[in-house]
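In this document, chain identifiers A, B and C correspond to the written order of the chains, with residue numbering beginning at 1 in each.
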Amino acid sequence: MGCTLMRNGKICGRESLYRLLTVICIFTFFPVLSLTAADSSVDAKAINTTALQAFKSKHAERIVSLSPAATEILCAVGAFSQIAARTDFCDYPAEVKMLSSVGGFDGKTLSIEKIISYKPDLVYATHGMHDYLVNTLRSYGIQVYISDASFVKDVLTEIADMGSITGHEAEAAAVRNHITSVLDAVNAKIQGLAALSVYWEVWNSPYMSAGKDSFLNDLVTRAGGSNIFADINQAYPVVSEETIIARKPDVILIPDTESVTPQSVKTRAGWSTIPAVRSGRIIRINSDVTARPGPRISDAVLLLAKAVHPEISFDGIK
Amino acid sequence: MKNRYGRKNGRYVFPVVVLVMLLAFSFVFALLTGAERISLHDVFSSGSDTDFSRIILLNLRLPRAVLAALAGVLLAGAGAAFQLFFRNPLAEPGIMGISSGAALGAVAAGVFSMTPVLGGTVSPVNAGAFCGALAAGVLVSALGGRRSGPSSTVALLLCGTALGTLYSALTSIILLLREKELHAMYVWMLGSFNGRGWDELSFIALPAALAVILLLVCAVPLDLLAGGERTAASLGVEVNRLRVLVMAAGALAVSAAVCAGGTIGFVGLIAPHMVRRIYGAKSRALIPLSMAAGAVLMLLSDTLARTIAAPAEIPVGVITSLLGAPFFISLIFSDRGLRNGY
Amino acid sequence: MDTEKQLHTLSVQNVCASYGMSVILKNLTLSVHSGEIVCLTGPNGSGKSTLLSLLAGIVPGTLHIDSADGMPSFDDTPVGSLGRKKAALHIAYMIQEEKSAWNYTSRDIILTGRYAHTVNGVYQQSDYDAVDSVIAAMGLESLADRRIFSMSGGETQKVRIARALAQEPDMLLLDEPVANLDFGYQAELLTFIKKLAHEKNFGVLASIHDLNTASRFADRIALLPRGGPCITGLAERVLTPDNLAGVYSTSFGVFTHPVYGCPQVYTI
């Protein structure tokens, strides 16, 4: 080792210049690369409008659904027979198991060839997961509908759109009415009550919760709760334990995995002063129901409302 | 006659004092800084155990700071030891595939959902990381340590690299099959001390202590390896025994560190370079000085990770990389660095 | 002056060694005694380095020792059974080429020669004193605090010899110790080592490429032909035109050095 270009302990001027150029190249290469590579920002609104236009007269007959929520929506509006394929994770309602699968949920494991092999006229995708497939599919003349549900009202819009695309406007309207009526009924019951602060633990190692841009946040609000991390812009941020304790949630929601139990939450160091821990209001939530922005969101909101306000009877609403 | 080594103490006392002061400062800084404001006055004057400031300081920040410092010590010590052993300035703790093994263990445990180990004190993910790292260390030593002599070192490196790649591939496969946990495991692998505390500390205390002792024992013989294995042997080093010691120390250190904070990169690579850059190649003292530097680096990184985006937290591995990359590049331009032989 | 002048012998008897198919040493017998300088010389590839490493007990794994009546032994104890630290107290072995991975100071490097004398690697004041005295004796004060990357090949060589001397061994095995040095310093260094060896009573086996240098400083010469037994003895006996022709396949003439009286050779 040892630099052979050293003279009197100083590096030669030219070497210095080459090194500087190398560093500049390194630092500009990656940003430029990422700019050119990123065609991931597709305009969901425009694409969805195009799809709606395309199926105004002739309805979609062969739909490839790329998410469990999408499948549920299609079935709820009565378009089961119009589904050509679903993903491995689509399991509700039970009939969908009979349909063949295109593979996983994540855009990275999906094969475009597999999707196209079903000769779809519409692909029902999710924003953030399937963006990179969109342009390719459209270049084959296949319409794409992109689901981007951050709020409950987005889901309602989606159901209406699907009703229009599949020719089941009436059923879609019925589903929407049902959902809306449940939400209104719940809202009526919790009207006037102070919102209880809720900490929704999405994962425990590290602590992950739901932020402003997440669907879970909207569900909590409609159930009469107030998400303690509604001020964070990310969808699923890692959150500070200090802040959890500082914000004193009244209710803690935990995922239904084996590694986290209400008991294990109670024993966490420093959590004993949290109102939720003291009153024992640590509730396990079925993540299948709550994580899917589909027709069962009314069930999800009801579930949450019962958890957040156990003192209120929500009988009669379903 | 004035003994030239009368200045020996001067050569070593100064860097040690500086590092100790830096360490103390970083530790106090870590205790006082956080997502939430606490009042020191409350901590000391309040008799109540449920006082907020007290809870935050004693239950959250203190164990987390100790854990972060310890992880820094372990990673930096292992990094320095590997650099000395492989006579390669680019060696770092993950070089033997041990961190990849840790990630594999963590993902496997987290995804196949074992019940919490030790009565719920340590999450299965962390315990899986520890076991994965240890298993990887044993495997690479068994496979790569067959030959003796200089070819053994090469065999170790090749084995470690190959196995590390294998573990990464297996990890990816598991994550693809269980996409539900994908996001959470990805975040785990970026490294974070979020939610870690006294439980994790008690779990790793013994292996960490053992690793530190072994690393310090190796410090002087590793110096003698500078001229090659044959020279070291001629000076009195049992190279085969040293190899076993270094591998054991490294595996233990990385296992404990990964269990503490996930796979955090760069610290093990940079800390020895920082010491060398500031103090020149330091015979005998590289490992302990690197340990101190690593602790400082990790403490500062973790403090930054949990405060700059509060109340959200950034994975500490991101911070260490952001700090590490420019430092490394600055080495290219440093005259002093070049003179010290980079 | 040492009151106890223990006499030691490092020897090997009738050893045959090979790397795979090629035989390097055949029926080799050699011994070095305390207080004597033996210069090992011979053509390239005759196995000088192999022989030195064999005597030091640090052989590469690929060297196959076929047979030996007497394995390399230090005072009747096989070198291989001594254990590295113990062996290092008795035998110092300097290899031909060494590149330091790190930019240590000369002083630090010389200090590592004292490792064998330490308990658990902790250097004592006596170790520091020993280093200082070696530096003083070899005249290396100007190099002592300089870092190794900034030093020339010759200077590095001196540091390595100093490190070997700091080991205070009973036997010194040197592989081409003066190869990179100026002629003037070659003579100076070899004289110094010879004087020290006689004074401290340690044995030296040094492989020296140049026949004339070897002749000048050796108490005994060991001439090693390729694949053949060693011809050992006083320089006058060994460096004869016949022996040299047999070993180097070239004609040599021999004359006596006008000042030192030792045989000097020239090619014809």
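Keep in mind that, in the parts below, a residue touches a chain if its C-beta (ideal position, glycine included) is under 8 Å from a C-beta of that chain, and two chains touch if they have at least 3 such contacts.
Because the structure is predicted, anything quoted here is derived from the model rather than measured.
Among the chains in view, B has its Cα centre nearest the centre of the complete protein Cα set.
Taking each chain's centre as the mean of its CA atoms, C is the chain most distant from chain A.
With each centre defined as the average position of its C-alpha atoms, the distance from chain B to chain C rounds to 43 Å. In this assembly, the C-alpha centroid of chain A lies 75 Å from the C-alpha centroid of chain C.
Between the CA-based centres of chain A and chain B the separation comes to 35 Å, rounded to the whole angstrom. For chain B, the set of residues touching two or more other chains reads 339, 341.
The residues of chain A that reach two or more other chains are 1-2, listed in rising order. With touch defined as above, residues shared between interfaces to two or more other chains in chain C number as follows: 99, 101, 103, 149-150.
Every residue of chain A that touches chain B in the complex is listed here, in rising order: 1-3, 6, 9-11, 16, 19-20, 23, 26, 89, 104-106, 109, 202-208, 211, 229, 231-232, 234, 236-243, 245-246, 257-259, 261, 263-264, 267, 269-270, 272-273. Listed in rising order, the residues of chain B touching chain A in the complex are 34-36, 50, 52, 55-56, 58-61, 63, 110, 113-116, 120, 123-126, 176, 179, 182-184, 187-188, 192, 194-195, 197-199, 306, 310-315, 329, 332-333, 335, 338-339, 341.
Across the interface of their complex, chain B is touched by residues 53, 56, 58, 60-61, 83-85, 87-89, 91-95, 98-105, 107-109, 111-113, 115-116, 118, 120-123, 125, 128-129, 131-132, 144-145, 147, 149-150, 163, 167 of chain C.
Touching chain C in their complex are the following residues of chain B: 1, 3-5, 8, 84, 87-88, 147-151, 217, 219-221, 223-228, 230-231, 233-239, 276, 280-281, 283-284, 339-341.
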